[in-house]
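Note that the chains take the letters A, B, C, D and E in the order they are written out, and that residue 1 is the start of every chain.
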Amino acid sequence: MSINWYKYASPKTFYPLAGKIIPWCAAGAAILIAYGLYIGLLVAPTDFQQGEGYRIIFVHVPAAWFSMFLYLLMALYAGMGLVFNAKLSYMMATAIAPTGAMFTFLALVTGSLWGKPMWGAWWVWDARLTSELILLFLYIGYFSLQAAIDDKNRADKASAVLAIVGAINVPIIYFSVEWWNTLHQGSSVSLTKAPAMAAIMLQGMLVMAIGFWLYSIAVILMRVRNEITERENKTLQFRQE
Amino acid sequence: LDFSLNNGAVLYLQGENGAGKTTLLRTLCGLTHPYAGGVSWCGEDIKGMAEEYSKNILYIGHLPGIKEDLTAIENLQFSLALLGLKVEKQEVVEVLTALGLAKALHLPTRMLSQGQKRRVLLARLWLQNLSLWILDEPFTALDVAATAMLKQKIESFANAGGIVAMTSHQDFTLNVPHFMQIKLDA
Amino acid sequence: MAEALLPASKQIGTLSVLYHILVRDIKVALRRQSDVTAVFFFFIIAASLFPLGSGSDPKLLNAMAPSVLWVTALLSCMLSLPRMFASDHADGTLEQILLSNQPAVLIVLMKILAHWLLSGLPLVFVAPLIGLQFNLTGDQLQVLALSLLLGTLALSLIGSIGAALTLGIRGTGVLIAILVLPLYIPVLVFGAGAVNAVSVGMSPNGALSLLGAVLAMALVFAPLASSAALKIALE
Amino acid sequence: MAEALLPASKQIGTLSVLYHILVRDIKVALRRQSDVTAVFFFFIIAASLFPLGSGSDPKLLNAMAPSVLWVTALLSCMLSLPRMFASDHADGTLEQILLSNQPAVLIVLMKILAHWLLSGLPLVFVAPLIGLQFNLTGDQLQVLALSLLLGTLALSLIGSIGAALTLGIRGTGVLIAILVLPLYIPVLVFGAGAVNAVSVGMSPNGALSLLGAVLAMALVFAPLASSAALKIALE
Amino acid sequence: LDFSLNNGAVLYLQGENGAGKTTLLRTLCGLTHPYAGGVSWCGEDIKGMAEEYSKNILYIGHLPGIKEDLTAIENLQFSLALLGLKVEKQEVVEVLTALGLAKALHLPTRMLSQGQKRRVLLARLWLQNLSLWILDEPFTALDVAATAMLKQKIESFANAGGIVAMTSHQDFTLNVPHFMQIKLDA
């Protein structure tokens, strides 16, 4: 993808292009997510050991995947922004953040909703849970920094640096917590030991995943378009004044 | 050193760097307390009547006293509120515009140039109704036009019966009822 | 004199001046949302650090919870103290405020109030969420929230003294800490005490009413002390 | 030109410039001892708060100790971060430093080093004393000190990024916290992990070497990131 | 706007508040990057040779750039070290004394008056050996005597082949090989 955008790195060419892409992605997202839910809630068989509760996995897992994937993508764009000093890359990074945070939050909520019946607790300081929580913190940091700096130019660059540093940190965090956890008594429920999935479940999850992907593209592009128009207006104002 | 100022008087403190002008002005405000001697207002020592006295003063010192995060308008309205004045926004705008800040009205003052910041904080002088101004190097960073406007403002204020105590390193005179120069030497 | 009666400008009373001060403080803070959200997030993040440090034994966590959460709340309030006066001091606004013809005590009270609304109050609402992570029970959570409601206001009041005393001194953040932490201890003891009481099945009322008493005292004395300290700082 | 060869003034090399920067930072800090002693005392006081918050059950204390002490150390380092660049930025010294003809990365490294010497290192020496209050054993204390020695340096390095990013932003203290705390987590986990390992009778070496690895990475990347951030802050 | 400065040239930027003088000077230092256009030194664009270029510059802006906790001497020695110069203490003392700071040598600069602070940071000019000075309103807060000394210093520097770019709101001329006035308008 990144290559693709880089070719269209100037807002002028990008704006209409994005305009064309958005509706398709939006429609695709709607359909796929609906279909995914359909598989998840109706088609897939009741799990013999986990009952109906497990159906949440169809939202939970894809959400969790994207929470991580989008962060890395954001860092990538941030990096491109710094290297090529391309406004558009910054805008992309900025636009990705909220969606990423949203998925992170979704993973957390669905997770703990699931955790209550499974582990009898809303929250367990398990490796994966923790690293997901920290991921949310990283997103929050990114927001806060951008909110705190009102010179757009500087906000872009500064938060870009942060995003990149955070990206280096993500794997460290993941493994550090992994490691830290195994130090004490084996954690309550290890997510990797998920029951070998029925083909249909896997299918459902993949459909959902692609749905989420299209959704992300749609919202992100929309945000970028708004950002572009907003900045345009700002500069115009400044000139007029 | 001993002097007294009546309505319409402008005290112009001169003196080389470190002569003690700022210190003296801050003492006049009651911000620092003199080791010896005292300041009196309408014949009373201000120690006893600090609150009462400060009602009459407008002090502009080396520090800007404006918030870099707020716009010129917000800053001005706030500092007027501190003086106990409520001024219509549109009037504030008029004054700022008259001071050539039309473009800068809605920018956080962080984005203003040195001189533009000074203009914002001086704008107070055009909107207050106090009887004693204490200005420490008010011309700093002002361009020629702004300096002229300020001088004129001070004159009209003094002629209307106001009292001013100020410092500057640029020589100047004002035609006011009573223009008093005092030269401090360290 | 001519200026004496500007057409549009009329005298305004103390209350309205105080109102201006409150509103402005909040406005400045909202201008950079970071300020508002920050204390809040700091609390969440810092509180979440402890389990990371101490493995994931639920019983241990529940036992740590009251002290950890209260100490964290205390620290977050403290972290935001320097903001109470420092920036006003640096850019000279403080001189202007104290030269305004309003009683300094009331002005200070306003600034304290603003500080509490922006940094203390939010904690009362998040704390229970974090509490869940330390698997606290319903009653524990309720008492936690209540104790924080009283406690944080007391913290802002007491903290203002430290903030005022350290004005214009660099590296304030840490210095303030040293000054106020000892003063914070009663608040901490009664606040955390209330939650602990519940944990061991006793009534929290004793601790809570003592907390209320501390708050009352702070309300009376803190603003006086702070305004005195401010005047000194400006000499 | 005439000035080109001032009799007494001769060119000096990079090293000596860096040395000047280090010395000056320390000098400024010592000028107001508060700065140096403050972090230190904050650590002591804050750490002592926890026993107050949570009755005095020795077993609970010993179990809490590693996380409490490490988190407290982490917070104290963090509290002193704003000082790393802020004052130089406010009074324009930073402009001058970056205009000096030395590589920014090295300059930043110096300032980080100064920060560590003044705020991180002292903790290494007090921590064991506090550890006694939480009745830690001899081995635990040793490992605690060692982990802090490696850890605090890493904290100063990582923290510098946050400090640089938030330059010239008001209410920094708390914002920095949000930015750096997530980045601090590995340090915390391995640091406290090492001590915990001892508590349960395992070898701390694994944790310590991981801590060392984090430190190494920080040494390489942090100064780069910080100097980039500084340049951005000045634009 | 386009200009080039050769040895012995003094560029005197004029313009009302907010005209863009400070911005222009900071661009000359390479502190801010121009949206359009560029700065070149000895025919090369400075982007490529930032480090190299900054070796030649001495910039004095609106901000003091001195530590209020350190004494005048310490501050001065440090800022010279930043320029890569090692200067004997006793020589620093001589210069500060010549600038009338004899009394203030060992005070933390916090205790100095506005103008005394400015003198401390200007003292650098008497001790450096660079080829390009960039001075933003160097006369601010200086009394008459100090202003005269500074003007004279700038002249001797330019006559010795130095290049100066400066702003001020007070009109003045210098007799130097090449005195160039540019008036910016917003």
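Criterion: contacts are C-beta pairs under 8 Å (C-beta built on N, C-alpha and C of every residue); 3 or more make two chains touch, one makes a residue touch a chain.
For clarity, every value in this text was computed on a predicted model and none was experimentally measured.
A.B. asks: Please find the path from chain A to chain D through touching chains that uses the fewest steps, and give that number.
C.D. replies: 1
A.B. asks: Give the chain pair, either B-C or A-C, that is connected by more C-beta contacts.
C.D. replies: B-C
A.B. asks: Farthest chain from chain C, going by the mean of C-alpha atoms per chain?
C.D. replies: E
A.B. asks: Would you mind checking which chain's C-alpha centre is most distant from the centre of chain A?
C.D. replies: B
A.B. asks: Could you give the separation in Å between the centres of chain D and chain E, each centre being the mean of its C-alpha atoms?
C.D. replies: Between these chains, centre-to-centre, one finds 35 Å.
A.B. asks: Once you find the CA centre of chain B and the CA centre of chain D, what distance in Å lies between them?
C.D. replies: Using C-alpha averages as centres, the distance is 45 Å.
A.B. asks: Calculate how many whole Å lie between the centre of chain A and the centre of chain B, each centre taken as the average of the chain's C-alpha atoms.
C.D. replies: Distance between chain centres, rounded to whole Å: 55 Å.
A.B. asks: Could you pull out the residues of chain E that touch at least 2 other chains?
C.D. replies: Chain E, residues with two or more chain partners: 62, 69.
A.B. asks: Can you list the residues of chain C that touch 2 or more other chains?
C.D. replies: 31-32, 34, 38, 41, 45, 51-52, 55, 87, 170, in rising order.
A.B. asks: Could you tell me which residues belong to chain A and also touch two or more other chains?
C.D. replies: Chain A, residues with two or more chain partners: 137, 140, 144-145, 148, 150, 177, 180, 183-184.
A.B. asks: Contact residues on chain C for chain A in the complex?
C.D. replies: Chain C residues touching chain A: 31-34, 37-38, 41, 45, 48, 51-52, 55-58, 61, 132-133, 135.
A.B. asks: Inside the complex, what are the residues of chain C that reach chain B?
C.D. replies: 1-6, 8-12, 16-17, 20-21, 24, 27-28, 31-32, 87, 91-93, 95-97, 99-103, 234-235
A.B. asks: What does chain D use to touch chain C in their complex?
C.D. replies: It is residues 29, 32, 34-35, 38-39, 41-42, 45-46, 49-50, 52-55, 60, 63-64, 66-68, 70-71, 74-76, 79-80, 82-83, 87, 90, 169-171, 173-175, 177-178, 181-182, 185, 188-189, 192, 196 of chain D that touch chain C.
A.B. asks: For the complex, give me every residue of chain B touching chain E.
C.D. replies: My answer: residues 15-19, 21-22, 62, 100, 103-104, 112-116, 118-119, 137, 140-147, 169-171.
A.B. asks: If we count contacts the way the header does, which residues on chain A are in touch with chain C in the complex?
C.D. replies: It is residues 121-126, 130, 133, 137, 140, 144-145, 147-148, 150, 177, 180-181, 183-185, 187-188 of chain A that touch chain C.
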